[in-house]
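Here chain A shows up in two complexes: once beside chain B, once beside chain C.
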Partner chain A sequence: MRNHLLTLATVGLVTLGLYLLTQMDGTSGLLSALRLIFIWGIAAISLNLINGQLGILSLGHHGFMLVGGYVTALLMLPEKERRPFRTRLLSDWARDNLDLDKWLRGLGLDFIANSIDLKFIIALFIAGLAAALLGVLVGAPSLRLKGDYLAIVTFGFGEIIRLLPNAPEVAAFTNGPLGIKGIPGDAGTIWWTFFAFLFVLWFFTRLKFSSYGRAFEGIREDEIAAEAMGVNLAYHKVLAFTISAFFAGVAGGLYASYLQSVDTQTFNFFVTFFLLVAISLGGLGSITGAVIGTAVVVLVRNYGGFLEQPYPAWVGYLSGALLMLGAFAFSAYIRKTRRLRPVIETKHYIFGAIGLALLLVTVFFRNEPWMTQTVQFFGMRKILLAVILILIMIYRREGVMGRAEFSWKLIFGPREDIPSEEQRKQDAWLSNPELNPGASETKEDDDASA
Partner chain B sequence: MPLLELRNLYKSFGGLQAISNVSLTVEEGEIVSIIGPNGAGKSTLFNLITGVYKPDRGDIFFEGQRINGLSPDQVTKRGIARTFQNLRLFTHLTVLENVLIPQHHRLKSGWLGAVLRTPAYLREEEKMREVALEKLSFFGPRLMSFRLHQPVYVLSYANRRRTEMARAMATGAKLLLLDEPSAGMNPKETKEITQIIRRFRDEGGYTIVLVEHKMNLVGEISDRVVVLDYGEKIAEGNYHDVVNDPKVIEAYLGRREE
Partner chain C sequence: MTASKLASRSTLFSLFAGLLFVALLGWRIASMPDYTFARIVQDFLNALTLGSLYALIALGYTMVYGIIRLINFAHGEIFMLGSYFAFYAMTLTPMHWGLALLTTVLLGGTVLLVLRSLFNLEEPKRTFLLALLIFGGTFFLLAFRHLGWIEALLLSMLATGVAGVLLEAVAYRPLRGAPRESMLITAIAASFFLQNMGQLLFGPRVRGFNAETVLNQPRSFAIGEETVYFTGILIVVPAVTAVLLFVLNLFVTRTRLGKAMRATAQDAEVAQMMGVNVNQVIALTFFIGSILAAAAGVMYSIRFGQIHPLMGLMPGIKAFTAAVIGGIGSLPGAVLGGLLLGFIEIYVVSFFPTLSAYKDVFAFVLLILILLFRPSGLVGEDLTEKV
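Right, the complex of A and B next:
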């Protein structure tokens, strides 16, 4: 009960903070970063269901996102944006009939058609359904495979789906490589993204902590054992794949409306790659981890710009020196906390020495022309991301969160898996045959359900 | 009607005849041991019964219904559960979760109901929990209280074996196939396992087929012993008769040069 209240309070606070942000000036950069975190967060959480919880490597996620993006785009496109398509590739039929507005008015639901927000939700839902349908079509035949083979097949399907909009036969609906532009952007305000994100968090947490979530994790841990324990492998794999594809479609629709355009390059393979990086960083199998990983990647990409600014060269030397000295201190610290002796080995002095040398060079030659010239490091953001990933893989291979989830219990509640002093004593007594001869005879009618 | 009936089973892998012409009946409430030298086909027989392999010829009947050709999860739904020779637990999940997963196939609520936490689903979840605790309490307080919430990888080997047996029982099976239940256990733990297997039958009402190498365990609990050698059934009967059968002695020790 207390935990529910805490959750509600947190959601309320975040909503309030978001509202204040939208009212303030000069926060558009932050807001768009948040929107990206929400959108990619949804995609990452959905990919996490397959790759983390079900434990099968799927590389076709960008295909599902693309379907969601295109469906949302087609359904939401306003009349005046459709008109020019006549001269382009989009066929008359597609132009006139693939219109959510028209469908809704045909059904007499004018009040929905008049509200761009309600229309957007319905479009997102249909986008999700389309992606889910594709998920079944792709998943049912390919999920018989395992491991690398499955990864390759899903990657292949993903690329096929991604390139389909370019095919002449399909281009009548998708406008070919030109893509669709002019998707109404005001339908994808931060609020719908935020609420979709909250819904996804709720949905996937509930799913994970249900019997179905347990079955998925059983399949991840040991497929043969799970099958021997009555878990229908094919059904559960396709189910997870379909749910995942549905929310990938929703994320694709949100992203298309964020960009206000969609084409086949919007959702290339790097989308899946980016999501994989995010969920491995946060911890495969953890929803919290997927969000953290996405946030890190998006923030580095959006706010790492200062790394690529032009600087005088001494800044580079100085940061190099600090990095080396930092590595020296960090390695000493790690070895101390992990009780490895000796704390500092000879090789660690190399980092210290390089750092010190760089520092001295910076100080002594600070007025030399090669020290004051302006340099610019392009691609530092990506390098930073790569370095973060390498460090995580070395020092915490299971990711930031591992398989754990954030919960209030983790902060406040008692840990159920750690025995109390009394339980510990009792346990020692139980497992010691000298203290407890013939435990199994005397304990037969023990009602130990407490 | 016997609970389990194998009729003239054949299975070969390439040129190797792993099982040939094995017939066997198991009555309800029996404890049947299958013994034999390494490579005799004991584990293959288990894999045939549980649907991991399909027999080349012959039929398997469970409660009078033909079950060969069914997939392992369907066989489990019919009421046959097994343990594995080299533990196949869900290592990173907790003990409780390990015993809840085998009950998943009995869940009537769909995934949407599970996400929405409908009252029906919550009732089923509560029931699953009760069954899990009931099965785990077969082993005394060892796997109860704080152990319930520990991941399996922190458990001792013997506790893992116990968890696996509890997991097999939790499927709701009538017939338990135990593949070397005492492997890797010390004499004291073996003794305890022996008693527990007997309690499975007496208190739990399970029928048990087990593969085992420790002859004192086999002798102590088996109603009937079946001996396999090179995929063929060479002897069947009570423990005393079987171990004195010259064919069995030959299979284990070889023939004396005349």
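Right, the complex of A and C next:
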């Protein structure tokens, strides 16, 4: 009860904070970062269901998001944005008939059609359904495979879905490489993404601690054992895939309406990679972790722009030198703390030497024209994300959170990692054969039966 | 399932696929009056070239998968690196002697270190000779004259091989024994890293790869009244591929290291117990795979005349598909799969021009179908996970 109240209070406070933010000036950058965190958070949580909880590596998430984005775009596109398509690739039929507004008015539901918000809910729902349908179609055959073969098959499906909108036959619906522009939707407010995000958090938390969630985790730990306990493998796998695809579609729709445009480059494989970094960083299998990871990744993406600003070239040389020297010092530090000898390995001198050389070059040639010219490090943020992912995989495969979730107990509850006085007494009693003559007998019994 | 039964099934399968292909071909040729013999020959040359390139790249995938069960996503980027190394070898030479000296020390030093660790060159005399050869050779190549495509190819192969070994040492070796999913994620991250590093270092724009050789001069010969147009590269690629395959085959079957490699592929643990240095063998595998990818990259660039940092993506995927078609882990399978994919791609587009927009989709569809229905490929062993 207390925990529920705390949760409600937190949600209320966050909502209030967001409201105040929207009322303040100069927070549009922060607000759009928050919107992105919510959108990508939905996608990351849904990917986390497959990759973390079910323990299956799926690399086709961008395909599901793309379907959601395109469906939302087509359904929500207003009349005046549809007209220019006459000269383009979108077919007349798709232009005239794939229109949620028309459908709703046809059904006599004008009051829904007049409200863009209600329409957007329905469009998102349909987008989710379309993606979920695709999820079943992709999942049902490919889930027969395991391990990296499955990963490659999902990757292949994702790439096929990404490549199809450019093909001439499909372009009748997708407008080809030009994409669809002028999508209305959440009308630029943060509330859409926020409440969708809250719903997703609630839904996936409930799911994780339901019988389904436990079945998923059972499959992750040991498929055969799970099957022996009565878990229907195929059903649960396809179910998880479908749920995940549904919310990926929703996230795709939200993202399309955030960008107000969608084309084939919006949802490329980088999207899945981005989500993969997020959930690996947070900890595969943890919803809290997915949110934390997404926040970090979005912040790198939105506020890492300074990495790609034009700088004089010496900044690049200097940072390269510092990076090399830093790696040299760090490896020495690690080896020293682990008491490995020699403290500096022979091959690590290479880093030191390169770093020193770069430093000397920077100092001695600082006035040369090639040193003062302006350069720009395009793609530095992606490189940073890739390096983060490799480092996580090498040094901390469980991520920040492992599989743990945030809970109020963690903050307010009694500490469970330190045994209480009573537990300590009990342990002492159990492990002392003089106080507990039964303990040794049962042990022998165990040995005999084994 | 017994081995003989498996073999008969795979033979039947290939036979069936081949027959289907031939039947399709015949039907299509019969229904296309303008499809003359000359065009068949022309397509054949194109397909053989493309297939050879795919085969060379696919060998890298299949060798690495055979040994550490890792789908090396970054292999396409290694291919890209090979092209760029050759590009710079051809455009930056002849270098200023100071720059050449610096490059020689850096490149030659790394190459020497890597080669020493790969081929057990503990003997000082041999190492000294090798060092002399590498340093002298590199300096001589870089400093004095403009490099032709053959020198650039050799230099790029060496440099790319070393890059592959470094990639393995930095990204994959610390993950030895980790879950395969983690290794796959790392490989994807390495691929993204190399792509973006390529964009950063080499520039994101498309560059012309002008080999300035006889290879790109258009030639022709006549068949009856028709003329077949081709360039030298269409002959050179299959020839170079054949030579490389021959050398690779000799290496794998006739040398101690090749034996160690096969042993590691069969069972790494047991091989280690028998005294095989598994880390060395894995590094060597990456070295050889990267060498072949570099050769493919240079020839691909000469063939298509342009390079850019994302060029490794599609050939990488298609070569992986080729490896899967042939049966991942099997060397002849990779070559067979590469050639088959090259022929399928060229002839499908040639016979059904309306499908050319789906060319890339087609590779993925084939990949999925093979993985779903015949994961062991045409000649490969059954590699599905066992309990």
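Keep in mind that, in the parts below, the second predicted complex is superposed on the first by the 325 of 450 C-alpha atoms of A that agree within 3 Å, B and C clash if a C-alpha of one lies under 4 Å from a C-alpha of the other, contacts with A are read in each partner's own complex, and residues count from 1 in each chain.
By definition in this document, a residue touches a chain if its C-beta (ideal position, glycine included) is under 8 Å from a C-beta of that chain, and two chains touch if they have at least 3 such contacts.
What you see is a predicted model; the values in this text were computed from it and never measured.
Contacts of A:393 after superposition on the shared chain: chain C is touched, whereas chain B is not. After overlaying the two complexes on the shared chain, residue contacts for A:166 are found with chain C alone; chain B is out of touch. Of the two partner chains placed by the overlay, neither chain B nor chain C lies in contact with A:367. Contact with chain B, but none with chain C, is seen for A:214 once the two complexes are overlaid on the shared chain.
Of the two partner chains placed around the shared chain by superposition, neither chain B nor chain C is touched by A:337.
By the touch criterion defined above, A:224 lies against chain B and chain C together after alignment on the C-alpha atoms of chain A.
In the superposed model, A:145 lies in contact with chain C only, and not with chain B. After overlaying the two complexes on the shared chain, residue contacts for A:23 are found with neither chain B nor chain C.
When both complexes are overlaid on chain A, the residue A:419 reaches chain B alone and has no touch with chain C.
Overlap of the chain B and chain C interfaces on chain A: residues 224. By the touch criterion given at the top, residues 57, 59, 141-142, 144-149, 151-153, 156-157, 159-160, 163-164, 166-168, 224, 270, 273, 276-277, 280, 347, 377-380, 382-383, 385-387, 389-390, 393-394, 397 of chain A touch chain C in their complex. Remark: chain A residues 203, 206-207, 210-212, 214-215, 217-218, 221-222, 224-233, 239, 243, 403, 416-420, 423, 426, 430-431, 433, 439-441, 443-444, 446-450 touch chain B in the complex. Of all the residues in chain B, the ones that touch chain A in their complex are 50, 52, 71-73, 76-77, 81-82, 84, 88-94, 97, 100-107, 109, 111, 114-117, 121, 124-125, 128, 133-134, 137, 140-142, 144-146, 148-151, 156, 167-168, 171, 188, 192, 195-196, 199.
Residue ranges of chain C in contact with chain A, taken from their complex: 69, 71, 113, 171, 174-175, 178-186, 188-190, 192-193, 196-197, 199-200, 204, 317, 320, 324, 357-358, 360-361, 364-365, 367-368, 371-372, 375, 384-385, 387.
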